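As written, the chains take the letters A, B, C and D, and residue 1 is the first residue of each chain.
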Amino acid sequence: MDLTYTEEEESFRAGLRDWLADVLPALPAGPAPDDWPGRRAYDTGWQRMLYDAGYGEVHWDAAPTLRLIFLEETEKAGAPYVGANFVGLLHAGPTIAAEGTPEQRARWLPPVLRGDEVWCQGFSEPDAGSDLASLRTRAWRDGDCYVVSGSKIWTSHAEVADWCELLVRTTPVSAEVPKHRGITWLALPMDAAGITVRPLRTLAGSTEFAEVILDEVRVPVANRVGAEDDGWRVSMVTLSFERGTAFVGEVVACRRLLGELAGEARANGRWDDAALRRRLGRLSAEFTALWRLTQWNVSEARRTGGVPGTGGSVFKLRYSHARQELYDAAADVLGPGALDLERPWTLERLSALSYTIAAGTSQIQRNIVAERVLGLPKGR
Amino acid sequence: MEGRFGRDALRAAVEAPALDRELWRALGDAGFFALCVPEDAGGVGLGLPEAVLAFEEAGRVLLPGPAVATFLAAGDVEGAAAGETVVTAVEGELVPWLEEADVVRGDTDGAVPVRSVDPLTPLHRVPDAPNTSHDPHDPHDPYTPHDPHAPRTSAHVASLLRAAEQLGSATRTCESAVEHARTREQFGGPVGRFQAVQHLCADMLVRAELARVAVYAAAVTGDRLAAAGARLLADDAAVRNARDCLQVHGGMGFTWESDVHLHLKRAWVRAGLGAGARQAEEDLAAAL
Amino acid sequence: MDLTYTEEEESFRAGLRDWLADVLPALPAGPAPDDWPGRRAYDTGWQRMLYDAGYGEVHWDAAPTLRLIFLEETEKAGAPYVGANFVGLLHAGPTIAAEGTPEQRARWLPPVLRGDEVWCQGFSEPDAGSDLASLRTRAWRDGDCYVVSGSKIWTSHAEVADWCELLVRTTPVSAEVPKHRGITWLALPMDAAGITVRPLRTLAGSTEFAEVILDEVRVPVANRVGAEDDGWRVSMVTLSFERGTAFVGEVVACRRLLGELAGEARANGRWDDAALRRRLGRLSAEFTALWRLTQWNVSEARRTGGVPGTGGSVFKLRYSHARQELYDAAADVLGPGALDLERPWTLERLSALSYTIAAGTSQIQRNIVAERVLGLPKGR
Amino acid sequence: MEGRFGRDALRAAVEAPALDRELWRALGDAGFFALCVPEDAGGVGLGLPEAVLAFEEAGRVLLPGPAVATFLAAGDVEGAAAGETVVTAVEGELVPWLEEADVVRGDTDGAVPVRSVDPLTPLHRVPDAPNTSHDPHDPHDPYTPHDPHAPRTSAHVASLLRAAEQLGSATRTCESAVEHARTREQFGGPVGRFQAVQHLCADMLVRAELARVAVYAAAVTGDRLAAAGARLLADDAAVRNARDCLQVHGGMGFTWESDVHLHLKRAWVRAGLGAGARQAEEDLAAAL
């Protein structure tokens, strides 16, 4: 297990740290988490600063280890979360970088790195949740455009996004065409005619998600990334990559949260409860190991040339449950305060409930591990 | 109960949370609060086993309001039995519905409002509240009755009625998960044909059924420790069933429009009222 | 929920208690748990005493509530476990009582009640474990006998048994005959020619189980209980009944064990560990509820005329896990003593590992609950 | 390692448990015990990361004998490196292989034999043993080296090597469950096609992999708290994977002839040696 860093990597880390120490104290306070227009201005401003300081390319052009260091150090320093840039920086961007033409890279990547353009994701549909490949949003050719009709759900930042990475069905499912074929990846301009965005309220009361209804929306064929009908593979390469590293910042944040919980428990007297104390100790072991697993996945990605493979499912499975356990422990630290939305962690506890569902439920992840990693026969 | 407070009423209440005095009086008219008041005092004259069934229904439909405190005050506070007077109580460090209630039992000195996680249960917090125990003669017990031998109004009965509400909620979320699993199609058929989903549902049923026998038996015996045990199992069943129900529903359960989160949040609130699981576990251990 | 008893039931309880108080102190100490010949003499002697005292018929002729009281009081008084008579009293006997002819009842039941004859069970096979109905031990007619060949596994007490309740395949599986049909229930005399008994050592080191190899063993047709090819139904009626009540004594014993654990923990200082204390408190709530669930199942059985139905699966599922948690808690109370086979509970902890496997794994039980109780579609 | 102590050797050892001096010397010859002894002192001169891989293998094949104590004594006790001198140590309240060992580290006053649950690990108990902590300078630490700055021989290294053994066992039981699930047929096909079985196996892999990164990282950093965390995760993985492996094997796993119980019992014994999970959790909490 390689936990050492090269001189170049260490010097990158040092430079970044210095820059963060310099810049962060001068930043204005961030807007409320569900103020999406406000977040856009704030997050993209931050992104532009990073770009100007020379850290823009780290998101996908740099070696995996630099990216890991970048995510680790920005989170440790308490830098703003990527926010509205999440999809552009960590999902659509890497997909375009890996699968797009030189023209597509030149058109879409710099504005993402500068924070000029925000992306959202149009994958899930009301009737295609866990079974994502059964998506039914249709697209047909009309001249040099695709015409798209259907609806997407769980599209975060749709209200403020400029672009949407969209999966559509270009060839209907049939005896010859299984559902994973016939899907195409398109970059949809969010100002096109025929798009309706309906905010979707989550159980946490916030509206960062939306439903997007598409009624004969025209998308230029030039906006297709990858071949027609090959969109499933195009998006899965990125998805598997992202499972391995997209949570780097969060794991760092969870380890910091554990320290805060210990502080709160020492202050409010609950630290005397040995059971709670030991539970926090065990969670500390968990999150330290999850951090190591991330490093491992990244070093595997470096070894295999970019794709961390199934380590991502192993990580996602354990992390999503550990995160929920962490917030349950936080509730125990807060006592009756855990019922107060003004207290830290209560809203986050609610959000954490989505972790075992979003981006593939734990049940789906276990299937992936059982069938693809362990080689068990196709499940029934 | 579902006729008086159905799903439409529930969702309307979520959007405009306030105590529905009309509903409260209707419940009073139907004898809900006076269920255990003796007949010669104008009540229905039934026992705890019947009360537990009524509160199970209240938990099932997520009835808002301080029903337990009002019920326990019915023989005691003018107008409570009829649903005219709304009574709440200090439960551990928390007071539900403090501003809406007409009568408050317990000491609310220093109470501060809490932005409640449950949209249907406004809360205040009394930071220096004395620890409530399950001891029926605890002087801090807001339910201590005038007659110290009357078991009906002591803290462990309040706890048992809340356990009954938790049981109703756990039963409802189990049913809701099963309904969803039967009808939601993914991968070419209902998701309920997958063992992963089936086994979540089976475990939910087991939790609800174990809580059920514990709650019913504690109601029949009136035993303090049986009530503590019922509370533990019912809290666990309500919280974990709501979470598993959410898992079975997937993304659809994560929306505000779904009722799953209302069950989970209320289950958290109920578990946080009164003496809590730690004390119940200690009481049961001490008796071993 | 009816937790009250009739006057007749209470008087039965009082009489039994008196008798137990009288008789138990005079009993000789029991043999070691895995001394099967010794156990047979001991257990059957005890059974004869019960019979002579008038409690023999309680095992299956009495109302379910009397049976419950009988099992509760004998366990509470610390009376000998039914031991080698388990199958005869709680499984084969009830099957013969329910499904046998008057002649069969007269032939087999009194010796079981008196403890004169011991029964064992020949259900499982090496290749038919969870999938019991796929059993392959064959039987074919030859005059007024069946000729039986095959092998059975997990046959407890085979070395000391006089009779074996045996499931055999009389009609091969085919397109017309599904595996649950074509099975026949036979009473096999264990002294017949062609039977080989091979002791089977469990992970606890004991040999109460055996493999039974049958090589053209002749069994009179008169020994068949129920119709030919109807043996699955014949045995399942009893099995479902037994799931509801066979563990009554054990639940009572578990509640007693919890008290012993508290005593040991108070003596050795571990009681100061609040986490352990609270864990025992929670287990106390569990086992009290499991006891209530048993009462509930029995009163349901009374209401529906004998078969407690699916409550048995709910009980079995929770009980088997609670029992394992109980012995894990016991290990925590013992500390390093939990590694010592001389200490109480260590062997029992090992035996408890079989509870989530034997008589239908927890996985199978969850399927039963999901499909038969909750009505979910047939699993895949 | 599997070549030196394969399955036949394992089963032979179960039937006649005694320390195999020949095997011990063969391990010595292969450099197993001297792996971390400096080359100029006649050792192999490798570090903890390599030691951890070797002990993972030992855990995988259920190597009997006090390998950790002998390994840690290799630079110190004459003949230990060569496998000629068998060294054991007092680990918390327990001493494994006391009668078979040539040298015992720690105070065994009052040691009484225990009928060990693990047929491959004879045990003695020292009822009044002082509590071992993870403090490398604890005077009661049997591993305290002559040079207090040498990290290799302190208690947390012993704990880490045992964690590596647990990791090897957890990996092996996961593989064994998967093998069984692939080949055992029930209901018309391999049982591994059922989600209930698949998901047991998936959770086993997750536990083993998380323990793996924790153990490897603790070996690379040599950090005391990292070792405590690795121990927690590896104990958990070894015990729970053995139990799930047994569940996947069903009745077949319950026989003496199956190796599953040997893994479970050894995992219990390893978890019981030294300072234990409680202390590790407290140490990690204290550092928060």
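Criterion: contacts are C-beta pairs under 8 Å (C-beta built on N, C-alpha and C of every residue); 3 or more make two chains touch, one makes a residue touch a chain.
Just so you know, these numbers come straight off a predicted model, no measurement behind them.
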Are the chains other than subunit C still all joined, and if not, how do they split up? one piece
Could you give the fewest steps needed to travel from subunit B to subunit C through chains in contact? 1
Roughly how far is subunit A from subunit B, going centre to centre by Cα mean, in whole Å? 38
How big is the gap, in whole Å, between where the Cα atoms of subunit B centre and where those of subunit D centre? 49
Subunit A and subunit C: spacing of chain centres that average the CA atoms, whole Å: 53
Please list all residues of subunit A that touch 2 or more other chains. 274, 278, 363, 366-367, 380
Which residues does subunit D have that touch at least 2 chains other than itself? 194-197, 199
Please output the residues of subunit B touching subunit D within their complex, sorted ascending. 194-196, 199
Okay, in this complex, where on subunit D does subunit C touch? 92-94, 114-118, 123, 125, 185-187, 191, 194, 196-197, 243, 246-247, 250-258, 260-261, 264, 268-269, 272
Where on subunit C does subunit D make contact in their complex? 124, 127-131, 134, 153-154, 200-203, 205, 331, 335-342, 346, 350, 353-354, 356-358, 361-363, 366-367
Within their complex, subunit B touches subunit C through residues 49, 178, 181-182, 189-190, 192-195, 197-199, 201-203, 205-206, 209-211, 213-214, 216-217, 220-221, 226, 228-230, 232-233, 278, 280-288
Any idea which subunit A residues touch subunit D in the complex? 1, 3, 258-259, 261-262, 274, 277-282, 284-286, 288-290, 292-293, 295-296, 311, 314, 317-318, 363, 365-367, 369-371, 373-380
